[in-house]
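Some structures to go through are shown next.
Shared chain: subunit A. Partners: subunit B in the first complex, subunit C in the second.
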Partner chain A sequence: MTDILIHLLLTIFMPPLLLGVIGKTKAAFAGRVGAPFLQPYYDLAKLIRKGSVFSDTTTWIFRAGPIVTLAATLVAALLIPLGSHNSPVSFAGDMVLFAYLFALGRFFTTTAALDTGSSFEGMGAAREATFACLAEPTLFFTLMTLSRLSGSLSLTPMLTNLTVSLWFRAGAALILLVGGMFIVLLAENCRIPFDDPTTHLELTMIHEVMVLDHSGPAFAYILYGAAVKLFVIGAFFIHIALPIKTGNPLLDWGVFILSMLGLAVAIGVVESIMARLRLLRIPQLLVAACILSAFSMLLILR
Partner chain B sequence: MITTAGKPADPAFLIITGLALNAFSGVPGLFLKRAAAVGQKLATLLAVAGALCGLAGCFSAIASGETESFLINWSLPFGPCEIAIDPLAALFLLSVFLISGCCAVYANGYWPAAKQPATSRALSFFIGILSASMALLIIARNGVFFLMAWEVMAVSAYFAFTVESGKVEVRKAGMLYLVCTHTGTMALFVMFVLLRNMTGSFLLPPTASLSPFVPGAALVFFAALFGFGMKAGIMPLHIWLPAAHANGPSHVSAMMSGVMLKMGIYGIIRIISLFTPVPAWWGAVVLGLGIFSGVTGIVSAIGQNDIKRLLAYSSIENIGIITMGIGAALIGQSIGNQTLLFLGMGGALLHVLNHSLFKSLLFLGSGAIIHATGTREINRMGGLARRMPRTAPLFLLGAMAICGLPPLNGFVSEFLLYFGFFSGVKESTAPALLGMGLAVTALALIGALALACFVKVYGVAFLGLPRSAEAEDGHESPWQMSAAMGLLALSCLAVGLLPRYAAVLVQPAVFTLFPSLVASGSNISTHVPLDVLGAIGAALIAAAAILAVVYHRRLKSAPQASAATWGCGYLQPSARIQYTSTSFAEMLVRLFRGTVRPRYELPKISGFMPASAGFSSRIPDTVLDAAILPVLRVTGIVFSFFRRLQNGEQNLYVLYIFITLVLLLVWIH
Partner chain C sequence: MTDHFSMKTLYNGESLPLAAVPLVKREDFLQGIINAVDRGWRISAMFGDGGADGVTLYAVLSAKSDGVLGVMRSRCGDSFPSITPYCPQANLFEREIAEQFGVKPEGHPWFKPVRFHRPFRPGRDAWGRDASERILPGVTDFYRVEGEEVHEVAVGPVHAGIIEPGHFRFQCHGEEVFHLEIALGFQHRGIEAGLIGGPGPRTVHQMETGAGDSTVAHTWAYCLIMEALAGRRIPAKGEVIRAIALELERLANHTGDLGAIAGDTGYLPTSSYCGRIRGDFLNMSAVLCGSRFSRGLLRPGGTGFDCSLKQADDLLKRLAAGRADLFNAVDLIWTTPSVMGRLENTGTVSIGTATELALTGPAARACGMAMDVRQDFPYGIYQMSQIPVVTAKSGDVYARTLVRWLEADKSLDFVEEQLRQLPGGPHRAQIAPPAAERIAVALTEGWRGEVCHVAITDEVGRFSRYKIVDPSFHNWPGLAMALRGQQISDFPLCNKSFNLSYCGFDL
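Let's look at the complex of A and B:
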């Protein structure tokens, strides 16, 4: 019970902190002081109280987009185990639902973008839909490898089964998975080198350009939803990359929080030392991720 | 085996009454030349009564889980004729009756007799015959009887979709369809003759009674795949499908795509179920065909700009998904993985039902768009959601369902398939494991591509600003059209939210196909937590509702303004700068250019002040244009001397028939 409560509290309150940590890391690299860690919370609080501007072109889809996307992301957050603790909802086959909830979010984000009739948002929607086609097989290869390693068909046993000792046995496969999933993590969450959340050139953006017309509470939903998505996929990644378990439930929560903050720092470092890729290069990197995870599956077949 | 129909509520009695009502529905209209509108109303009434009757029969046949069969003694030389209704037949009959009922209602708004008196009479008649012949072939258990119903179905579909035969496009599509369907039927002739050689009669043998290792069994398998695959539209055999679906009236397309393609799937399943134990390589062949058909179908769909051609290619993809499930089930049977067997076949059968729901919904929706704008070109649409407030959300539900998104029905059947494939990955060894791994990856890729495809269709057709004057003048369709679509959309939602009951529909059919499973004591619901799936769907809707309420409150408490779409500083936006269907698909088409082979006609620009130039792009059907037409052209030249036989003189044709008969008599003695 306590674990479920902690799971819910962390899922609801921690995601924006990751954005704050990423921002602080980037500021440190650039030699700036940077915004406070809690800045994303302030932004959300301000946006939710602001008024809205709606384009004359839009219909109810435009308003439903952020709502459905956030709802789908929150439900997906219930399926993923955090650290060594079981997820609140776990059943055989939940990994398929997990993947398709993100697809539901993508469907509504992209249709809401097309609802404005803006060519820039159309571009963003087309890119998002296209790149997802390349990222999806990677996720499923990873799920198959994990399912085979753990002999189960549910996210909780699949992910909590991963241990340090497994790294000694199937290290090669897991390293490939880490590589593939890190690329998917960055691509799905629109981080550099796939997408630049801070750019001012709409022509080159993916996710940010899709939400140009959203404002006020709807934009708060979108920012918050994106943070939760980063949190959820990050938690998935942490299971593979840092499967550290102490055995003490409270200590495990601490380890989980620290690893998530560490992941945020790592993303910040990548964003600081890399440039954004040319748009034409992105599919190549995504296909590479897919091949990495396919190889990892082949490695555990033996 | 032989039971007699006793009480009037007997499922077989209901189904056959429904069938007869459907067959008869268009007939009164033929005699009401002056009052075509009355004829159409009458046809609708009869078809709906037939559909209700048939549906009641299907549900009670599935609930009883038993097989009812009748032996008709007829004097034709093909031996006794058996008809039988088992849960598998009832499952396929379900979509026949449901869709034909919906289409009959829809026709009143879409093809009103008041406006098109001549064609509407023919259309009602042929649609009635089409649905009755499909129902008849499902219950036929005699090869020759089956082929007769099959041929009536093929020909009545031809007359139904070529009803506007004044158009060149329509006639071309009709000719291609006729050639293809008869090529397929030829393979079926071979198949039924081979089966007769194995069993000694044209009656179909009982399930799992033949050995696949006797000589000729493999030939039966391939002939069935070819003949039925041609009708189902499995990828290299799909060539007739896009043109036929695009050029017919939309409710005929809905019938063809939603129901008629499934007759091919029904045939494949029925014929394979006669054999036991099915060798693993049969499963591998079917699975491979499914993967190929699924991926190439959706890749071809993305590039299309004609909404109905796009939907037709997406049907090829969905047939691929169904075929994948069948193949996986066969592999599961041969490697002894019960979960894979249950969920592969269960998922495939549920997807048959689901596809008939959402694809018919989408075709009827495309008909509503064509009714409103008069064009099939997606690039000329836009902004229809404001002009068609009833159609837009219904089409959206269909688009979400076909992408397999929770909480709709497409997700349930794809979930079953994924679950089956994953259990194969988890438990099996090398060759089967690779097949299942490939299937999971293919299904994931198909899912993501379908999403891109239908976001494009919905976004470009319904959202944004109108791209042409036709779209500007778009209007909502009559209530009959919305009602038919509403019923289908509701069914999509119901299957998605109550997956357990959907599994109950499919379960008896799986048991019919694999009688040995009944002893195992398990069923789909014991393998998969379907209740949880339904609950999560409800939770998702509840979460969205709560967030919507919160959002609405926030909106009220702060000022709202409306403005033009943010043009990134550009102050003169127009409808023409919007992303179009072509530009949305451009990246994906380029990624898959090896498969879809887009043709571009680039303008030649030279000099400092170039003249105005045009650009056009087009995505032809790779198989038809690159492989089949060149072969046919060569064949046409080589065999041109045969054309002398066809000289247009009827008396000579009678002579040919006479000579053939004499030769056959000589051959027999």
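Let's look at the complex of A and C:
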């Protein structure tokens, strides 16, 4: 019961902090003080209190987009175990639901973007759909590898099964998974080198350009949904990359939180030391991620 | 020196009696321009002048090989045959003449307004627009590529960032750009019309704010005009301070551009550092005159402020620190493969295109055109002390970035050298009011390239026409060409590597 409560509280309150940590890390690299860690929370609070402007050309899809996306992401957050603790909801085959909840969210984000009829948002939607097609196989190869390793089709046993000792047995396969999943983590969450979340240049954006027409609370849902997505995929990644378990439930929660903050710092470092890829090169890197995870599966199956 | 194509030649910063400018037949005038451009001259300015009694066309061409400028003029009726098909660099000049004086270039391949304003001569509208009709910038036909899979993207005039207004129309096939058309004029303030009847107390301020980031280059050109019309040279110290100010302006803007180019690739360290270092260079201008943009520093006859030895020492210390910081910040670009991968082979302009369009400044030098007013048509202290011209070959964003960095390096050397040997004596001389019925031409090398000012005075020594050509006027078509066949997502990066002025174009 306590674990479920902590799971819910962390899922609801921690995601914006990750964005704050990324921002601080980038600021440190740039020699700036940077915005406070809690700035994303202030931004959300500000947006929630604002009014919304809706274009006359849009339909209910445009209004539903942010809500459906946020809801899908939050449900996905219930399926994923955090640290060594079981997820609140778990059943055989929930990994497929997990993958397609993100697809549902993306479907609504892109259709809401197309609904505005703006050429920018259409471009963004086309880019998002293309890159998502290429990122999805990686996720599925990863899930198949993990399910083979654990002999289960449910996320909780699949991910909590990962331990340090497993790394000694199947280290080569897991390293390939870490590489592939880190690329997907950055691509799915629109971080550099795939997308630049801080740019104001509408012609280069992928995700940001799709939500240009959203304002006020709807935009807050989008930002919050994006943070939760980073949190969920980050938690998934942490399971593979840092499967540290102490056995003490409270200590494990501490380990999980520290790992997530460490991941945010790592993302901040990547964003600070490299430039964005040319848009043409993004599919190549995503295909590389796919190949990494496919080889990982081959190693497990042999 | 073989042929002057019926032009009268003069040197940069000189004036002539108006009567000495050859008045040639219209056909000879136009053919002369075409022939001269074929022989390597470039159009520095081409403009109309006149009122109800008819229009006179003027051409100011420059020959780099001889370091001379040529002027000629021709009477013109309601129209003249367009030379743009034979000489693409005349494109915007012809459209500008049509817009300002209602004289039509017959056969112009893309005859549209430039700045969207009413003609200087009431009732003589080249497009036959009614006087009651509102003229809105950007409201015009655009080039369209037809086809099922071709889509159009319109950007601006309101942008997501805080930048000047301009409208960009892309014809795209997926992510690939077939064609880009740029519509400007949103910032038109009527500076050229406002200068007629000058110089007055306002004139120098209009010059300083024509293109605010090129304050020194434009004001210097204006000062050269005033000094040419008064027939007087200025004290050596004034010349040196002007050059220091111009190079500091170049340093500040090149530093800002280097940072902005890195920022557009998503590379934060250089972007953040250069943002700060640009401020350091701006502050050096403030050491000289109290204004970060050198407002009030250049005045006809010399400079508005002196530079003491103490200020020179202070500047030298700041320059040394700025140089070290800038080197560190920019070096990160060259050593980070992901940044280089974005810069190389993006937005390439061939030397052929650059020559045809008569690009200028770093954009031209990045294509391998070795041209620089400071060297080719030296003025002021550059007659004594030269700055090497920097060129690159590839013509892409990388080349434009590299040229900026190397130029900044050369400017640092130059400013340090000048500060170490500041001449004594006064920094300003009194100059006489402009002489009557003369024409004066001045070119300066701003950080974007060639700034050209031409003044014609009436019988009492007032400006009857004052023409300003900002380097952006030459370079905007270059940006449009750089985008051909590029990814639309690379537009911001290409745009930043040119970093052209909207207000300098719109005037």
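The working rule: the second predicted complex is superposed on the first by the 302 of 302 C-alpha atoms of A that agree within 3 Å, B and C clash if a C-alpha of one lies under 4 Å from a C-alpha of the other, contacts with A are read in each partner's own complex, and residues count from 1 in each chain.
By definition in this document, a residue touches a chain if its C-beta (ideal position, glycine included) is under 8 Å from a C-beta of that chain, and two chains touch if they have at least 3 such contacts.
This one's a predicted model, so the numbers in the text were calculated from it and none came from an experiment.
One of subunit B and subunit C touches more residues of subunit A, and that partner is B. Contacts of A:I300 after superposition: neither subunit B nor subunit C is touched.
By the document's definition of touching, neither partner reaches A:I244: not subunit B, not subunit C.
Once the two complexes are overlaid on the shared chain, A:V265 sits clear of subunit B and of subunit C alike.
Of the two partner chains placed by the overlay, only subunit C lies in contact with A:G31; subunit B stays clear of it. In the superposed model, A:M123 makes contact with both subunit B and subunit C. In the superposed model, A:L166 lies in contact with neither subunit B nor subunit C.
By the touch criterion defined above, A:V96 reaches subunit B but does not reach subunit C. When both complexes are aligned on chain A by C-alpha atoms, subunit A residues 119-120, 122-123, 126, 202, 212 touch subunit B in the first and subunit C in the second.
Touching subunit C in their complex are the following residues of subunit A: 26, 29-32, 119-120, 122-123, 126, 192-193, 196, 199-204, 212, 271-281. Subunit A makes touch with subunit B in their complex at residues 48-59, 61, 63-64, 66-68, 70-72, 74-75, 89, 91-93, 95-97, 99-101, 103-104, 106-107, 110-111, 113-123, 125-127, 129-130, 132-133, 135-137, 139-141, 143-144, 147-148, 151-153, 202, 212-213, 216-218, 221, 283, 294, 297, 301. Interface of subunit C with subunit A (complex): residues 151-155, 159-161, 174-175, 262, 264-269, 271-273, 276, 336, 338-339, 341-342, 346, 487-493.
Those residues of subunit B whose C-beta lies close enough to touch subunit A in the complex are 382-383, 385-386, 392, 396, 400, 403-406, 411, 414-415, 418-419, 422-423, 425-426, 430, 433, 437, 440-441, 444-445, 447-449, 451-452, 454-456, 458-460, 463-465, 528-529, 532-533, 536, 539-540, 543-544, 547-548, 551, 554-555, 558-568, 573, 575, 577-579, 583-588, 591.
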